[in-house]
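Structure incoming, see below.
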Amino acid sequence: MMPDMTQHGKAETEQWNPQQNVPVIMFDRVSKTYGRINALNSVSLGISGGVTGILGMNGAGKSTLFKLMMGKVKPSSGAIRLFGIDPWKNPAPYSRVGFVPEHEKMYDWMTAFDFIVTFSRLHGLTRKEAEKEATRVLTFVSLADVMHKRIGQFSKGMRQRVKIAHALVNDPELIILDEPLQGCDPLARTTIMNVIKELGAMGRTVLVSSHILNEIERITEQIVILHQGRVLALGNSHAIREMLDQHPHKISLECDDPRELAKSVIKIGEVTGMSFAEEGKLLIETNHLGEVHKQLPKTIIESGRKVTSIDNPNDDLQSILMYLTGGSS
Amino acid sequence: MVKDLIIESTDLTKAYGPHIALDSLNIEIEKGATGLLGPNGAGKSTFLKTILGLIQLTSGEGKVLGYDVRTQGNLIRQNIGYMPEYDALNPNMDAIHQVKYSGELIGMNPAVALQRAHQALDYVGLGEQRYREVESFSTGMKQATKLACALIHDPKLIIADEPSNGLDAKAREFMLNTLEITVNEGQRSVLMASHLMDDVERVCENIVLLHKGKLAAQGKIEDLKAIDKEVEIHVWGSAGKMEETLKDRGMKVRREGRVMRIGHTGEDTYGNILQAAADVGTQVRRMHDHEATLEDLFLVIMERLGQDVKSTDDLLGGI
Amino acid sequence: MPDDDLVGEEPFEPVQDKVETYGAETPVTGQTKMQAAWSADTGDEETSAKVASSPQGQIFEQIYTPWEGTLNPRWMRNWAILRHHILGIFKKGHRPWNIPTRLFIFFVVIASMTDVALALLFGMIGEPTLYDIWGVNRDNLYGHVMGFFPRNILYYPIVAALLVGGIISEDRSHGTSALYFSRPINRFDYTAMKFLSVCLILLFIINGTLAAYYFVDILVMGKGWAWIIDTFPMFLAAFGCGIILSFTYTSIGLALSSISRGRFFPAIGLIAILMGTRSIAAIVDALFERSLLYIISPYDSVAHVCQALIGTEMTYQHPWVWSLVSVVIMNGLALYLLANRVSSMEVTRE
Amino acid sequence: MSNRMDTIWSQLDRKSTAIAEFTLRQYRTRISTWVVMIASVVALLLILLFYIEAMNTEIEAIDNDGDSFDSDGDGYPNGQEKLLGTNPDSAEDFPSGVEPDPPEKWINEDDIDWDSLQDGTNYVGADDDGDCLEYYDTSSQRDTNDNGIECDIIVNVDSFNSTISVISDSGVDEDPDEDKYGKEAGHRAFILGIGKFGIVYLLGIFLPLFLATGLIREEMSEGTIHYMLAKPIARGEVLLYRMLGYIGITWPFILAVCIGLCLITGFTGPSDSLFRWQDVPVWMSIAWAAMLVSLVYGTIFCGFGIVWKNGVILAIIFAAWELGMAFVTILTGGDSSIRYMSVIGWGMIIVDAGAAIGWPDNWQLIEIGLWGGGHGEENWLGEVAFIPLPGAEPLSVFSGSPNLGVSNWLAFVISTIVLIFQGIMAWFIGQTIFKGKEVN
């Protein structure tokens, strides 16, 4: 009648050994349905190392993805592996994972220190080790000075940092942060972003979800885009944009004499069209964004016109999604 | 010209025991859209509660739409629409009745409230979903429903606490648009508390910045932004080389990944940048004058007030 | 779906060479590798998650429509709260009482009418002895309101518990208290209307069925004026007892509802108070033959007062005035707690 | 950090104490914990007031056998006349040369033979006031109950049928001291009544209802469970250690309540010595039963909370079933077998076994009290309905016998094992459900 002890074997046993060639996270054609709603649709992913941003609109399946990883819900089909282990009904991989849930609720009556000590001990630390560990992680998120205050008195940003700190005990190899920036003021946002970048730089695998592309791009370039439960794109955000280059694009230039400039720009072979929508603005249409950009600086300088602004309108998640879904979103 | 003030306060102070939540605030808010900013816990919520006439002032005076917050709370609340930060909807009710009920609570007749609820929901873009239970709504739809609740009696002033919190790009866009239309076409005033500086910048002309219960700054956003001009470029490929080249040309460069900010040195700045790009062969995907965003402004003001912004170095020291 | 053409042909290459970080001095030690794969099936749109979104097309027709109209005074606002809660029992579009609550209320209303049905049945078939047992008389009027089993163990307290369960605490947890307090509704009105609505629903069940019992008997049995004059005071007394009972249950229940955030504490708390105090008093009565402890039991105190009011045989030894005092004190304490808690209620969600 | 996973045991130990300690601290911050505890203590104190008052009120002495009357009006009470061999019904026949006794002397003159009760063997009461003597019978006529002793009363315990009967020699009655008997019986009835219903049932069910139902459910609905479930710990363990924390608060509380009541009633109760040591096993069995019962209920209710978000409704339905079982068990005195289908039934077996160990004479005491000295009113059938002594009836209601067909000690052990088994089953089912539960 005792709990399954095999789940708590020593670190040295095979099960706990990091298998070198196994990605930290593997999703193999995972689907998850809630009643009639299909939250995840045949998602396949493999992630190890570095900071990865999980991008998607509300309800795109980001939280479901994390819940599946953390064994909170059972996949309707497909297989999930965390360090090569199926996390459903098996807490073994969590000793190497730090999870920061999206929920705002915390144990307000505890001090930050107690909170972290208590939950570190669930990793099997003694009280003493846990206290040392708590001091370390709280210092890392720079809350050392207030660590003996009750969490209830903390502001949103501080609470968020306590949550991150609690996920860092036991030196996890994988850190999952669900919407860590939501509701934080710029001060807290900057601090949290720095913490995340730091973790990535320390060689951890970090997963961060967000629905704001700019935010994620300030942290990492490695992104996964989810939309309506499917992986629309994954890779370097840079590279994703490059892929998008093959599609009709617009470049808007602000310049003292657009019509003059247009005469030079038209010489770039890839430009398919131009328009003068507003006063002092030149809109270039192209199917090969990269090519055009490559030649643009030279062309401008040669034309002798003064360009004060270059812009690609629609460069946020929304427009990327628009492209990826063929404008249907 | 006499200022058209909707909210004014003189030495408004609120203390909870020894803790001073609002410290002699002298605030003047004009008609139009105003952003209420401040770090978490700066006293924004307390301030909003004060102008709703919900809590007793310790000292000082306040007037909202000409009504005294001390004595005319009911009149104030009848004339403003409040959109709370958290969920304030019964998840098991459908949107239309929720909005209708909120109208009835102001004192509208049921029939009028129902008709007006339809209008309000149409306005916030919940035309087809109005008979659905709020439980099945996304965050954006919930926010829109809350806005509809606040708008049902066509208030002169709408107080929106974090209207775009947790919304994705599309929903946020819509929410901000709606607020903008409300201000510009509806000629209503909006007081909006938010963390997202972009949102405030888009909707509002004025800001009030609170910090630790004190007024840190207030006024037109334009006036407050007086930070050195920079040009921001997004480059594609060879960013490091580009940086070096620019520095060689004697320009001040700050780089964050593919984004660089270059100190404005006069009319030839753009030319120099493009020349450098042409030399290096990098793509300049974007180039524009970088106006100090509200976020920068916020950080600058906070820094002056003594709040440290943690840098990477500080964090490294902890390990 | 064009996305397959777009990015689906081949996974992205490993991007180590393109890694850039903020600040060149921060080295990247993490192994950066992404393996990409796409869903094999095309997947039809029907099954994919419908992300609720506001239609973008409406942005352009968004027109702010002003509204000019007069707002009703305070009592109309209060009436709206009351209506919202009471009509919610029968109709959609008002406060959504949950299904178990509605079903149970329906069951209790039907079950409370058993005496009506039995009196009718035996009156009709002309069985005088059986009619005497079930027809309207002093004991039966008392029993309809105050009978312990099953009415005051299975019916009324549980209805009260279900009603008060979420009535205030729900506003705390849903944040809907902001809906009230950001509008011209003061806390007194709010509390009073919540109180009144629960009390009225209980009254409808208890006294509504009592009235049905009494008047159906008159109509169907063709009772004469003499009988009516005889029994009407009893009926009125029983009616009054129903009011005291509903009031007491409501005030205790609402006080509990106001001190908790969940729905279950008030419900269990009410049942625990009603049943627990009575059980303890019953033990003492059995052990020491002292009925005095019954004054801590809300049900027994009310029952004692009602025995005095209706004039049935007293089942308690201590004077009924003590019970009356106890009922007053209990209600006073509960209302004080309620007022105290509601006045400190936050506007926003807790 | 290298040696942090020394042994499975030390690791378990760390996790278990962490969660249990956490749970305890969480309870400490909740108002409802304190409300429930204070309310139960206040309720028990109220009952205690009645108890203390009853113990300090003299029970009026009743002349059960009518010996203080002077039926013939010759100045001598009937008892004195019977003792001295004169005819109590004849005014002419009275003892000569003896001063008439005051009537009070002939009230309570023939008390129960307490010493004989104490040892738990068959009770033999002697005829202290010489009731036999008025009959000038043969010695066999004076020994109608055939135990070889003239003029006595036996309370016969038939251990085979577990029946008890009072058989007196003809004409022998007793006039016991109502105050002494009433207080002893009232005291025992109080302990058993409060113990079985007040502590084992009410406390045993309300503590878990308020404290255990939300152990997992509240964490789930608040979303804070994510912190716990994201750690390398099996869900079954979380449940187990949360229950450990729950035990950590309920068991000391129950124990403290029982010890407190034991001390108060032990000093105020009727006793020749300073303290009633014989009550200690009874109180301890009450505490043990309440502890086990609250553990089983707690695990079951916690499981209900996991299964359904409105698990408390299931808990209330279950509590109602248990209430019915509690009544059945108390009212049948241990004769029903449906009680084996409940938790409370087994809990009460523990109390009954403890009572039988602490007070081996309990059944004789009850029977003597119900026999009431052998006097009563004849009903229309000609049967004598004995008038019980004060306290005898409540005591007989609240007493029961373990009725397992084994010795008291064994009954105690068996029901303990059954309760623990029930608890383990509840935990096992709970953790199986919890394991397969999707947490959103």
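A, B, C and D label the chains in the order they appear, each numbered from 1.
Just so it is clear, a contact is a pair of C-beta atoms (placed from the backbone, for glycine too) under 8 Å apart; a residue touches a chain by one contact, two chains touch by 3 or more.
Quantities reported herein were computed from a predicted structural model and do not represent experimental measurements.
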* Determine, using the mean of C-alpha atoms as each chain's centre, which chain is farthest from chain B. => D
* **Middle chain, criterion being Cα centroid separation** => C
* Most C-beta contact pairs, which chains? -> B-C
* To do: Calculate how many whole Å lie between the centre of chain C and the centre of chain D, each centre taken as the average of the chain's C-alpha atoms.
  => 39
* Whole-Å separation of chain centres (CA-atom averages), chain B against chain D -> 68
* Centre-to-centre distance between chain D and chain A (centres being mean Cα positions), rounded to whole Å -> 64
* To do: Hunt down the residues of chain A that sit against at least two other chains at once, touch-wise.
  => 57-59, 197, 202, 218, 221, 238
* To do: Enumerate the residues of chain C that touch no fewer than two other chains.
  => 20-22, 26, 51-53
* Asked: Residues of chain D that touch two or more other chains: which are they?
  -> none
* Touch list for chain C against partner chain B, complex -> 20-24, 26, 51-56, 58-59, 62-69, 71-73, 76-77, 80-81, 84, 92-96, 98, 170, 174-186, 347-349
* Structure fact -> Per the touch rule, the chain B residues reaching chain A in their complex are 38-41, 138-140, 162, 165-171, 173, 195, 197, 233, 236, 256-258, 267, 270-271, 274-275, 277-278, 281, 283-289, 295, 298-299, 302, 307, 309-312, 314-316, 318-319
* Structure fact -> Counting only contacts in the complex, chain D reaches chain C at residues 31-32, 39, 43, 46-47, 50-51, 53-54, 186, 189-190, 193-194, 197-198, 202, 206, 209-210, 213-214, 218, 310, 312-313, 316, 394, 397
* **Contact footprint of chain C on chain B as seen in their complex** => 45, 49, 52, 54, 73-75, 77-78, 82, 84-94, 96-97, 100-102, 104-110, 112, 116, 119, 123-129, 136-138, 140-141, 144, 149, 152-154, 161, 170-171, 174, 177-178, 181-182, 185-186, 188, 239-240, 255-258, 312
* To do: Under the touch definition given earlier, write down the residues of chain C that touch chain D in their complex.
  => 100, 259-260, 262, 264-265, 267-268, 271-272, 276-277, 279-280, 283-284, 286-288, 290, 292-293, 296
